[in-house]
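Look at the two complexes coming up: chain A is in both, with chain B in one and chain C in the other.
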Partner chain A sequence: MNAALAQSATRAAALVVEGIGKSFPAGKGGAKGALRRVLEEIGLEVAPGEILALTGPSGAGKTTLCRILAGLERPDEGAVRLGGRDLAGVPAGRRAVAFLFESYALYPHLTVRQNALSPLQAPNAVGAGAGRLDPAAAERRVDEVLELLEIRHLDARLPGALSGGQKQRVALARTLVQDPALFLLDEPISHLDAKLRHKLRGEIRRRLSAQPAPAIWSTPDGMEALSVGDRVAVIADGRIEQVGTPEQIWLSPVSTRVAKLLGDPPMNLVPGTLAQEGGGLSFTRRELRLALPPALAAAARRAKSAEVVLGVRPDALTLVPPDAAGAARAEIYSNEPFGKHAIVTLDLGALLVKAKTTMSLASGLGDLAGAGTGEGIGAPVGLELPAEGLVLFDGPTGRALPAA
Partner chain B sequence: MAEESARPQGSRGLLWTSVTVVYAAVVLFPIFWMASMMVKPNEAMFARPTAWFFTPTLEHFDYVLAQGFHWSLLTSFVLCTLSTALVVVIGTPAAYAFARFEMKLKDDMFLFILGTRMAPPVCLVIPFYFIFARLNLLDTFLGLTLAYMTFNLSFYIWVLRSFCRDLPVELEEAAALEGWSRAQVFRRVVFPLLRNGIVATAVLCFIFAWNEFLFAFMLGGKAVQTLPVSIPKLITSQGVRWGEMAVVGMTALLPVLAVVFVLQRHIVRGLTLGAVKG
Partner chain C sequence: MASAGETMAPGGPARALPRERFWYPYLLIAPSMITLTVVSLIPFIYTVYLSFHAAKFGRVTDFIGFDNYAQLLTDTRFWNSIGVAATFVFIAVPIEFMLGLAGALVLNQNVRGRAVLIPLLFMPTMMAPIVVGLLWKIMLAGSWGFLSYNVLERFNLIEGTSVFASPDLALYALIFVDIWQWTPFMMLAFFAGLQALPLGPYRAAAVDGANPLQMFFHITLPMLTPLLVVIGLLRFIDAFKVFDTVYILTGGGPGTSTETPSILANKMTFEFWNIGEASALAVLVWLAFFAFCNVFYQIAKKRLNAF
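On to the complex of A and B.
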C-alpha cells in the first residue's frame, strides 16, 4: 500500500477534497449529544507542486481540515483523494503525509538531530521513492535542512533547551526532510519573529515549489497567505469563502469576511446607502458622498438592497485639508508613524477608518488640519475617496456585488 | 541556583532555617534512637539517666541472624519486587488505555478499579482468606503477590493515568504520521516520556507492599513470612527484645531508602506532574 503511495508521490498526484463535513461534540455547556459543526461542504483541489495557502480567523477550521487530510480525524462526510485514490480507508501512517503541527510536537527526549531524523528512520518512512533512505543519505539530508534553517549548531540540544522560534524551525526541519505525497503545514511560521518569518517564508516556498507533492500551508495571517500561496483559500466558520490566486483574492474579495482578513491594515468597510443622483448612482454615508464610477455603478444596480458596504483599501484614501471641496470631514483619531509610511486612523462619525499615508504628510497632519504642528489628534481633516480600487458589498449578506 | 537566589534574606532566612532544622531533628530523632539501639547493650537500653555513651555490641545482630530473620528480608524483597513488576507490566497499558481510548463504561470501570482501594483492607482480608483457602493459595508467593496486586494495581493505574493524560497526544500522532507502528510509537515516544512517572509510581507501590502487614500476616505467615510479620516474634516469653527489633526495623528501612536514593532523579521529576512538554 505504501509503495503504491510512494510511487504516486514521484508521479506527483493532485489532492482533491470533496464535500468534507465534520462535527464535534459541543462539549461543556452544550446539551449532551449536541454537535458543533466545524466544517461544511469543503471542496478543494491542489495540483502537484502547487502551494495552497489556507487562511481564516482562528477557529475557522483550518487545523481540523489539515487533520482530516492527514487521517488523524475522520470526516463525517465527503472524500479525500490523492492521485484519484480515495484515502478513506488509509490510516494516517500510510498516507505519506508530512505534517507540521502548530504545537511543534517535538519529541522532548530526542535531540534536534534525532527529531529531524525520525521520519527518515521510520519503517514506513515517507518518501524517497522505494523504501527507506540509507542512514548516511538521511544524515546528509538532515544536515542540509538544518543548515537551511540555521539550526545546525543546535543539533545536539533537546527541545526543552530551545526558544519558541528555534522549536518551530526544528519542527519545520522535521517536515522538510521528508519527500511525501502531501505537505500539510499548520501555521509553520506564525510563532517566529518578523525577521525570521520574512527569511523563511521565501525559503520554504522555494523548497516546496521544487517538490512534486501538493502542499497546504495554513495561516491566520492573510498577508502571509497571499505571499506564500500559488492560490489562496479563505475559510471562515467552517466554509470555504473564496479560492483564487492572490491577485484575485486581493482585488476582488467575494465577501466582507474575506476583505476583513486581508491587508495591512485590512480593507476599510464603510456601510452606507445607494442613491440615484442625476444619471448615475452614488454612495452616501452621512456627509460622505461618492458618485460611483461606471463599473461600480453597474455592479450597484444589481444590488437587491440599498444598504451596501463600500470597501476601500487604506492606501487608496487621500487626506486633504478639512475645507477642501468634495471631501468628507473626519476627525483624526490616532497617528502611527512606521517610518516608511504612516497609518492614520480617522473617526468618520461612529466608524473608524484607517488611511495609509506618506510619512511626511502624517508628520505634518496638524498643519494640514489647521491645528498647528504635531500629530493633530482630535483635529478635523478632509477625506477623499479614490475612483478606482473600490469594492461594493451587499449590505445584508456581505457578498461582493459582481462588477460587470 | 534558582533556590539560592529565591532564599529569603536576613533574619527571616535565619528563622526559617532554624525552624527547618528543629523540625528535621524532631522527625529524625526516633530513627537515630532506633539506630543507636541496634548496638546498645541490653543493660544500657533503658538506663536512667539515659546512657548516651556505651560500648557498642553486635549481639543483637547475632541473634537476628541465628533466628533466620534474613530469610524474611529476602521473602519481603522477592514478594515486593515481583508484585511491583507485575503491577507495572499490567498497569501501564491499562493506564494508557484509560487515558487515551474511548470505550463503553470507561468512567464506571475506572471508578470500579479505584473502588478496590476505597474499602479498609481489613474488610477485604476475610473474603481473601476464604477464597485463598479454597484455591490453596494461603501461605504461597503467588497468593501474596496476587493480594498485593489488587490494592497496588488500582493505585498504579489511577496515578499513571494522569501521567498519560499529560502527554501531548500530538507527539504520538506525529510519530504515527512518520510511519511508526503503534507498538513502535509506544516504545519510542510514550514509554520514554512516561518513564519518570512509572518509576515514581512503582516506588510508591513497592513501599506500600514493603510496609504491608495485615495481608502478609493473615494470608502468609509461615512459609512466606515478610519482614513486618516477623517482627512480632521478638516479643518473647522472656520479654521484648528491643535491640533485635531495632536491627530488624532498621534493616526494613534501608532497602526503601536505597531505592529512593538511587531513583531520586526520576521520582522528583515524576512527582512534579506535567513535566513533559512538546
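On to the complex of A and C.
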C-alpha cells in the first residue's frame, strides 16, 4: 500500500463524487451496440465520519455507483475524489475501500473466521490504518466483531454451510474489521431477520460513526435509510432525486418519487385541482375539499398547472363519522390491525388512501363504521385532512411546490 | 433404489404398497440394469472365472487356482508392461494437466473469436482414436512421414528410421500423441469449470488488492480443486489403459518397449492364445485401480473437499 493512501486512511478524508455517468450495453432485446444509461450526473459529498444512506428502488443504480466508487467499474464520465485526490487511475486494490457486497462474495473455501480475517491479511491490508495489524491483534478484532454479529460460534464453518442471513453477517464482519479510507455497504442488513436487523442497525451505525472514514450505506428500504443515515440520498432511475437530512427528506420530499419511497406505509398521493375560493386557494378532488393553509397557498400560487398532487402522511389523516361536516366520504377497503395502531385502506372513489390510526375495530373504528359489518369492510367513514404536514406537488412533473 | 425409497416415503415403509407400485421403480431401472449386466457384469465375472482356470487355445479346462496369477507375477514381460504404462501416465498426464489448465486460463480471458476457437481446439479429442493413430503414423512414419521427413530428417534429428521403430523414442512419440489428443479435453473441462466459478470472491479480492497471481493461487485454484481432482483422476485411469493409438502406431514394439498392460493382454489372448493368464492380468489391473481409487477418494474427500 502506498504511503499517500496509508495516511489518507488515518487522516480522515471526505469523499467527493462529481458528475458520474455510466452506460451499459442494452443486452437482449436492444439493438446491437445500444446503450442503457444507468447513472446520470451523480454528485455527492460525504464528510469524514459521516454516513450517507443511499436509497432507491432496486435497479436504480445503487450497486453500480458503489462499484464505481470501489474502482470495480470505470465511470464513463465524472470524477471520484477522496481527500482531494482523484481516484481515476487508482485500481480497486489501492483505494483502501471496505466493500460489503450485496451478494456477500465470501471466499467459499475459507472458514467464517478466515473470511473475516482475510482483509487484514490482504496485500493492501488497511487494518491499522498505517499498516498491517499484528496477527494477535487481528484475531482479537475478528473475535470482537464475530461476537457482535452473533456468529462467533460458527467461526469454523465454511460459507456453504451457512444460511443467507449468516452469510450476510460474515460479509459484515469482513467489512467491519477494517479501518479503511471509505466504507461501502451495499444492502448490508437486507437478508437478516427483523429482530437482528433492528439490533444490528444501531450497532453498525455506532461503529461506523466512530470511524474517521466516510461511509455509504445503500438500501432499498427508505425507512432503513432514514434510520441509519446522517444524510440520505434518494436515487431513482440513475439520478439523484434528493439529498438531505432525514428530517428534510421526510418533511419535504422534492418529488412524488421520493414521497412514494419513504414511510411505512408511504405518503398518500392524492391528485386534484387548485381552485380560487374566497381570498385563498383550495384543493379539491370530488367532494374532498381543503382550504390550503397560508404557507401552502403561497407555494401553490407559483404552480404552473392547476393539476396538483397533495401528499399526506397516513398518520396525519383522521377518521370521523361519515356525516361529519367538511369530511370526505370514503369506504373502508381493507383493515390491517397491528394491535398498537391499525392501517386502514380507504376507497376514496377510484383512489386508495391509507390511514394509520390508533383506533381499532374494538375501539372507535367499530362505532364509526357501524356494528355488524364484520371487518368493517365496505362501511362508510368520513376522512378529514389535516392543516399541517401536507406537501403539494406539481401534477405534470411530480416536483414539489415550491420548486425552490 | 433411491427412487424406490422416495416412492415409499410418503406412506412410510411400514404400510404395504400395492404390488404394482412396489415393482414400478425396478421396472424403470430394468433396461439399464439388464444392459449393464449383459455387457459389463457377466463378462467381468467370466473373466474372473477364466483367470482361475487353464484356458489356452480357446479351450477352458481345469481349475488351477492362482497358477495364472503366479505365472504372471513372475513374468518380466508383465512387470515391463506396468513400467511402460507408469512412464506413459506419469509423463503424459501431468503435461496434459498443466497445458490444459494454462490453456483454460487463457481461454477464460475473453479471447477474441473464442466461439470459433473452441471447436477447432477440441478436434483432436473428437477424433476416433484409430484415426488419431493413423494420422500420426502418416505424420511421423520415417522417410515418408509428413513431419518426420520435413522436420526430423531435414534437420538431421533422426536419420533413416521412424521414431516408432526406435526402442528409445517410440514411447515418447506415443506420449506426444497422447498429449496432442487429450490436452484439449483437459483444457475444455477446466475452462467449463472456470466459467462456472462465482465472480464475487474475485471482486472482493480486487478490493483487497490481490494481484492476478495471488488471485490464481488463493481463489481460482482452491475453488477449482474438486474439478481438477476428478478430471485428473479420470484421465489418469484412462491413460493407464491406453490401447488404440498404441495398437495402431507401434503394436507394443519395437520389442516390448511400448507394451502397455492392455496391449500385453491383447497379445496374450489373440497371439499366444493364453486366455487364462490374460484374464488374470485384467483382474489384477482392475484390483489395483479399485484399491487406488478408493484410497484416492478417501484422501480427496478429506483433504481437498473434492467429491
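As a working rule, the second predicted complex is superposed on the first by the 389 of 404 C-alpha atoms of A that agree within 3 Å, B and C clash if a C-alpha of one lies under 4 Å from a C-alpha of the other, contacts with A are read in each partner's own complex, and residues count from 1 in each chain.
One rule holds for everything that comes next: contacts are C-beta pairs under 8 Å (C-beta built on N, C-alpha and C of every residue); 3 or more make two chains touch, one makes a residue touch a chain.
Since the model is a prediction, treat every value here as computed from it, not as a measurement.
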Specify the outcome, clash or fit, for chain B and chain C once both structures are aligned onto chain A. clash
Between chain B (first) and chain C (second), which does A:97 come into contact with in this model arrangement: first, second, both, or neither? both
Identify the partner contact of A:108: answer first if only chain B is touched, second if only chain C is, both if each is, neither if none is. both
Check the residue A:233 against both partner chains and state whether it touches chain B (first), chain C (second), both, or neither. neither
Per the contact definition in the header, classify A:70: touching chain B only (first), chain C only (second), both, or neither. both
Would you sort A:122 into first (chain B), second (chain C), both or neither based on which partner it touches? both
Chain A residues contacting chain B in one complex and chain C in the other 70-72, 91-95, 97-99, 101, 103-109, 118-119, 122-125, 174
Inside the complex, what are the residues of chain B that reach chain A? 168, 170-171, 173-181, 184, 188-189, 192-193, 276-278
Note: in the complex, chain C contacts chain A through residues 198, 200-201, 203-211, 214, 218-219, 222-223, 225, 305
In the complex with chain B, residue positions of chain A that touch it: 2, 70-72, 91-95, 97-99, 101, 103-109, 118-119, 122-126, 159-160, 174
Chain C partner, complex, touching residues on chain A are 1, 67, 70-72, 91-95, 97-99, 101, 103-109, 118-119, 122-125, 174
